[in-house]
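Consider the two complexes below, in which chain A is the common component and chain B and chain C are the respective partners.
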Partner chain A sequence: MMILDALLQGILMGLLFALVALGLNVIFGVMDIVNFAHGEFLMIGMYTTYWTSVLLDIDPLFTLPVAALVGILLGLASYYGLIKYLLRGPAIAQLFGTFGLMLFLRYLAQFLFGIDYRIIQKGVLIGKSLSLGPFIFDWTKIAAAALSLLSFGFVYYFLHKTKLGKALRATSINKEAASYMGIQTDQMNAIAWAIGGGTVGIAGGLLANFYYVYPTVGLLFVMIAFACVAMGGFGSIKGVFFAGILIGIIEMLFPVFGQQIGWEFLGPHFKFTLVYLAYFIIVVVRPQGLFGWKQ
Partner chain B sequence: METIKDALDFRDFSKAERIGLILFTIFLLAFPWIGTGSFVKAVMIQFLLFSLFGMGWNTIGGYGGQVELGKAQYVGIGAYTVSLMMVWWKIPFWVSMPIGVLIAIGYSFIIGYPLFRLKGHYFAIATICTSLVLQDIFINWKLVGAAKGIELPIHEHPDFLYMQFKSDTYYYYFIMVFFYVALFYMNRFRKSKLGYQLRMIKDDEEAAESLGIDARWCKIKAYTIASAFVAVGGGFMAVYNLYIDPYSVMDLDLSIKIALMAMLGGAASLWGPIIGAAFLVPLDRFLGSWLGGYKGLIGVDFMIYAMLIMAVSAYQPRGIWGIIEQFRRKGK
Partner chain C sequence: MIKDRGFFLSFLIMLLSLFIISTSLYAEEKEIKIGVLYPLSGAAATIGRDLQRAAELTAEIINNKTPGVDIPMAQWGGIPNLGGAKIKLIFVDHRGEPDRGADLAKRLILDDKVVGLMGAYHSSVTKTVSAVAERYGIPMINDSSTSPELTKRGLKWFWRTTPHDDYFNKDLFELLKGLTEGKVKGVKAVPKSQIKNLAYACENTEWGSNVAKSLEAYAKEYGFNIVKGILYTANSPDLTSEAKTLTTAKPDAMLFASYLSDSLLMIRTLKSMKASPRFFWGQDAGFEMADFTKTLGTDTNGVLTRTVFIAKIANVKKVAGQVNALYKKKYGDDLTGATARSIVGVQAWAYVLNKAGSIDRKAIQKACNEINIPANELVMPWAGVKFDATGQNILGRGLIGQYQKTKEGKIDLEIIYPFDLATANMIYPFPGWK
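Moving on, here comes the complex of A and B:
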C-alpha cells in the first residue's frame, strides 16, 4: 500500500520535474547549449509567484501568467544579452557563460530577498488535500501535475502542429539546412529561449505553491532536470516527459522501498543522490537517452 | 636527471617573462618580511593554494580542453585523508598527504574510466554529479563526522611532522614550495609528449585518434595528474584550517572557483591559472571582508564575480593571458 502511494505521489511530482526539464531540453535541442542558469530561472519563477501573491494578495494559482511572462522575458533577455555573444566562442566559453549567469541570478536573488526560506501561507488550495480511499493527495500537487500536463500538451502542439514550431524543429535537426530554407536561426534561438523561460517560469509558479522559496533552490532542481534530459534523451520532448515521471517515482519510491527491506542507508536524505547516480549511469551506458536522437 | 633539467628549462620564454619570473620569485620569498598584516598573509596563502589547484585543473581543463567541474571532490579526498589519519591514528602529515594523493589517483582512475566515454556538456554535468554524490555521502556518513565535519587536534608545541606552527609564515613557505614544484612540473608537462597529445585531442579528437593517439587514455592520465595536484592542496587545506566539513572542502562552489580561475587567467598556458588566482583570490577576499561587514550586501561579491565570468566568456574566452598575447602580437 505504501509502495502504491509512493508511486502515485511520485507520478505527481514527476510531472512537475518534467516541466522543469522541458525548457532545458528545448534550448538544448535547438542550440546545443546547456543552460546552467535554468534552475535559477525556476527560482525566479518561484519568487515571482511568491511576491505577487503576497504583495498583491492574489491567490498563487492566478499568478501563473505573471510567472510565465517573467520567465519569457528572462529567457529573451538572457539570449539577447549574453548567449548571442557566447555563440561565437568555443563550447567551454558557452558552459562558463551560462554558469556565470547562474551565479549572477542566484546572488542577485540573495541580495534582494535575503537567504530566508519563504513559503506561501494563503491560497485556495494550500493546506487542503483530497482523500481517495487510503490515499491522500495535496490539492496543490494535483493542480501542479494537471497544469504541467496542460503546458506539455501546449508545447507539443506548438512544436508539431504550427508552422513556427516546425521551423524550430527543423533548426534543431540541421541548423545550416534550415537557414538555407529561409528560416532565421537567430529568431529560432530566441524563441527556444522564450519557451524555455516561459515553461520553467510556470513550473516555478506551481512549485512555489508547496515548496520553500530560497535563493539556492535552483541547484537541486537543475540537477534533476539534467538527469531527466539525459535519461529521456537530449532534444526529445516525449523522452523528457517520461523521464520526469520516472525520476519522480525513483525519488519517492526508493526511501519507502529502503524502509520496507530495512536498508536504512536508502533513507530520504539520499533520494537525490540516486538521481545524480542515475544520470551518471545513463549517460555512460546509453548516451543518447531513452528516446534521444542527438548525440 | 633529465626530467629535472626539463622542468627547470625556461629557454623558450621571452626576456620579459624570464625577468617576470625572477621578480615574482624574489617577491614571494621576501613577502613575509615586508611587514604586512596577517590578513594579507592569509590572502597570499590562499592565492598560492588556488594557483596550485588551478595548475592542476589546467592539465585536463586547459591543455585537454575538457570542462571539468568536479575538482572539489579531490580537495575533499586529500583533506579527509589527512584529517582522519591524524585523528584516528596520529599519522603525521608527511605520510598521510602522499597516501591521500594515492587515494585520489586511484579514485580518479575508477571514475575517470567511465567519465571519459563522455564529451562536452555530458562530461561537464557528469563531473558535477560525481562530486555531489561524494559530498552527499560524506554529509551523511556518521563515521567521518557527517555534516559536522572534523576538527584536527591542536598540538601545544609547533610540530613539523604534523604541520602545526604558531605563525602563518611557516605555512606560507610550505605552500610556496608546493607551488614551485607544481610550476616546474607544469613547465615540463606542457612540453611533454602527453602535453602535445592533449592539445591535439583538444583541437581535433578524430584526427588525433587517426594518428594513433589513444584519446581516452590520455585524458584519463591528465585527469589523474590534475586530481593528484588538487589532493595535495586539499591535504594542506586541512592542516592549515584545522577544521574541515563537507561544505567547505567538497562544495560545488569550490570546483567552480578552481575552474574559473584557470579559465579567467587563460586556460592552456603556464601563467594562466596563476594570473587568474592573483586576480580573483584578492578580489574575493577583499570584497568579502569589505562587503561582508554590511549585512544588506551579502552576495554582491559573487555578483561581481559572475559578471566577470560572463564578460570573459563572451568577449575573450582565452582569458587575461589571451588579452596579453593579443597585445604582444600587435606590438610586433
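Moving on, here comes the complex of A and C:
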C-alpha cells in the first residue's frame, strides 16, 4: 500500500518535473543551445503568479495565462535581445551568454523583490487535500499534474500535427536543409524560445501554488530538469516526459522502499543521489538517452 | 661618566622611539577591523541580511554614545582602553558554502588584515572558518552556530557565545517531562503514553545531523521513544517522501532541525497530508525567523521553537526591550534568537578588545579566556558570558517559545519554557491545520 502511494505521489511530482524540463528540451532540440537561465525563467513564472494573485486578489490558478504570456515574452525577448547575437559567435559564447542571462535575471529579481520568502496563502485548492481511503493527495499537485499533461499534449500536437510544428522539427533535424526548403529558421528559433518560455512559465505558475517563491528557487529545479533532458534524450518530447516521471518515482519510492526492506540507513537524504545515479547509468548505457536524440 | 651619558642618551632615544611607535600604533587603531562572515546571498540570504543589520546596529551603539540604552558600552563612543577606537565590521558573503567561507576567512586575514573574525551562522561554515582562524592564530568569536562539536575540537582561537544544541535539546526534554508532570503553564499533567513516541527530521549537514544524534541520546536518557528519525537534504525541491515517512510513523511529537526554506516547505507539505501530532517543535533556525511567521501566517499557530530571545523577554529585562525598540524602529521587525545573538557577538568583541587594551592577538586571546560579561548588560536572559577551557560560554541558556494566534488574527511568540518565565498558557495539544 505504501509503495502504491509513493508511486502515485511520484507520478504527480514527476509530471511537474517533466513540465519544468520541457522548455529546456525544446530549445535544445531546435537550436542545440543549453539555456542556463531556464531556472530563472521558472522563478519569474512563479513571481508572476504570486504577484498577479496577491495584487489583483485572484485565484493563483487563474493567473496561469498571465504566467504563460510573461514566459513567452521573456523567451522572445531573450532570443531577439541576446541569443540571436550570440549565434554569430562560437559555441562557448552561447554557453556564457545564457549563464550571464541567468545571473542577470536572478539578481534582478533579488533587487526588485528582495530576499524574502513568499508563499501564496489564498486559493481554491491551496491547503486542500483529496482523501481516497488510505491515500491523501494535495489538490494543488493534482491540478499541476493534470495541467502538465495538458501542456505536453498541446506541445506534442503542435510539433507533430501542425505545419509550423513540422517546420520546427525540420529545423531541429537539419537547419541548413530546412532553410533551403524555404523555412525561416530565425522565426523557428524564436518559436522554440517562446514555447520554452511559455511552458516553464506555466510550470512556475503551478509550482507557486504549493511552493515558496524566492530569487534563487530556480536553482533547485533546474538541476533536475538537466537530468531529465539528458535521461530522456536531448530534444525528445516523449523522452523528457517519461524521464520526469521516472525521476519523480525514484525520488518518492526510494525512501519508502528502503524502509520496507529494512535498509533504514538509506534515508531520504540519499534520494537525489539515486536520481543522479540513474541518470549516470542511463547516460553510460544509452548515451542518446531513453528515447534517443531528436525523436 | 661619558659612558654613562651615552647609555642615558641611547636609553632616551629608545624610549622616545617607543613612544613614537606606540602613538603611531594607536593612530592606526582608531579603527579596529573585524571580519564578519554571514550568508548574504543564496537560500539563507534572508537570515544573513537580518544578522548583518543586528551586527551593524550593535557597532553603532558601541561607536557612538547612544542614549536610552542601559548598557555601559552604549556610553563608550568607541573602545575606551584603545583610545576610543571605533569597531569596523567588514561583512563578506559565504552563501552557506563551507569552502567559500574558508577562502573568505583567509582573504580577511591576509588582505584586509582583520584583528579577528565573527560568524558564520551555518555550523558547517563555522567549522571551516574556525580551522583557518586557528591556522593563522586569529581569534574568532562565534555568535550563532550551535553544533556541539564546534567547541570539542581543542581549538585555541575559537570562542562561542551562544549555548549549543545539547543545552537546547535538553530544554526540549525538560519541557516534555514538565508536560507529564503538570509543570507547564495552563496545561494539566499529560499521561506519558500520550507524548512518548517522537519522530524527527533534521537536515543532513553539520548542524542537523548533530541535532539528530543529540535527540537520540536525550530520548534514551529521559525515557522517550524515537519511532522514526530521518535526515534529509537541505534546500530540497520536494519533501513529500520525508513528510510521508514522518506521518506514517504516527508519532505523538514531531521534531525538526531545518533552515528557513525547508521549514516552510515541510509545514506546507505536512498540512496537505493532514498531519496531526500533539506536539510540534522546531530547533530554532528556520522556525524562529521573522520570515517564518510572515510567510506562513496563522499556519504556525501552536508551533514550538527553541530560541534564545523572544521579544516578550522585555517584560522581565529592561535592556532587551531598549535594544529591541531600537532595532524595530530601524528595521520594522522584532529581534529574534539569531539576531539577538549577533548583538551579543559584537558586544563580546567590544568587551574583549576593551579588556585586552591592545590589538595584539595574544592579548586578545588572554582577554577572551578571562572575559566575564555580567547578566544585566546582555539583551539575553543569560547569566552572562564566560568561556570555559573549550571556548564555550557556560552561562547561556535557551528558551522555548510557542507561536500563538491572537484575537486579532496575528501571531505572537510566547515564552513557554523555562516555566518561571512563561508569558502565556501553552496550547496543547498542537491544534494542527484544520
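What we mean here is this: the second predicted complex is superposed on the first by the 272 of 295 C-alpha atoms of A that agree within 3 Å, B and C clash if a C-alpha of one lies under 4 Å from a C-alpha of the other, contacts with A are read in each partner's own complex, and residues count from 1 in each chain.
Going forward, contacts are C-beta pairs under 8 Å (C-beta built on N, C-alpha and C of every residue); 3 or more make two chains touch, one makes a residue touch a chain.
Since the structure is predicted, the reported quantities are computational estimates derived from the model, not experimental observations.
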{"item": "Chain A as common anchor, with chain B and chain C clashing or fitting", "value": "clash"}
{"item": "Which of chain B and chain C A:D116 touches, first, second, both or neither", "value": "second"}
{"item": "First, second, both or neither for A:F272, with chain B first and chain C second", "value": "both"}
{"item": "Touching partner for A:T216 - first (chain B), second (chain C), both, neither", "value": "second"}
{"item": "Contacts of A:T185 with chain B and chain C, given as first, second, both or neither", "value": "neither"}
{"item": "Which of chain B and chain C A:P255 touches, first, second, both or neither", "value": "second"}
{"item": "Which superposed partner A:Q288 touches (first chain B, second chain C, both, neither)", "value": "neither"}
{"item": "Where chain C runs into chain B (options 37-45, 73-81 or 127-135)", "value": "127-135"}
{"item": "Common ground on chain A, meaning residues reached by chain C in one complex and by chain B in the other", "value": "110, 115, 215, 269, 272"}
{"item": "Residues of chain C defined as touching chain A within the complex", "value": "41-43, 45-46, 49, 204, 230-233, 235-238, 240-242, 244-245, 248, 260-261, 264-265, 268-269, 271-274, 291, 294-297, 433"}
{"item": "Touching residues (chain side chain A, partner chain C) in the complex", "value": "2, 5-6, 9, 13, 110, 115-119, 121, 127-129, 131, 136, 138, 140-141, 210-212, 214-216, 220-221, 224, 251-252, 254-256, 259, 267-269, 271-272"}
{"item": "Chain B - residues contacting chain A, complex", "value": "65, 67, 114-115, 117-118, 120-122, 124-126, 128-130, 132-133, 136-137, 139-140, 252, 256, 259-260, 263, 267, 297-300, 302-303, 305-310, 312-315, 317"}
{"item": "Chain A residues within the chain B interface of the complex", "value": "28, 34, 82, 85-86, 89-97, 99-104, 106-108, 110-111, 114-115, 215, 219, 223, 226, 230, 269-270, 272-273, 276-277, 279-280, 283-284, 287"}
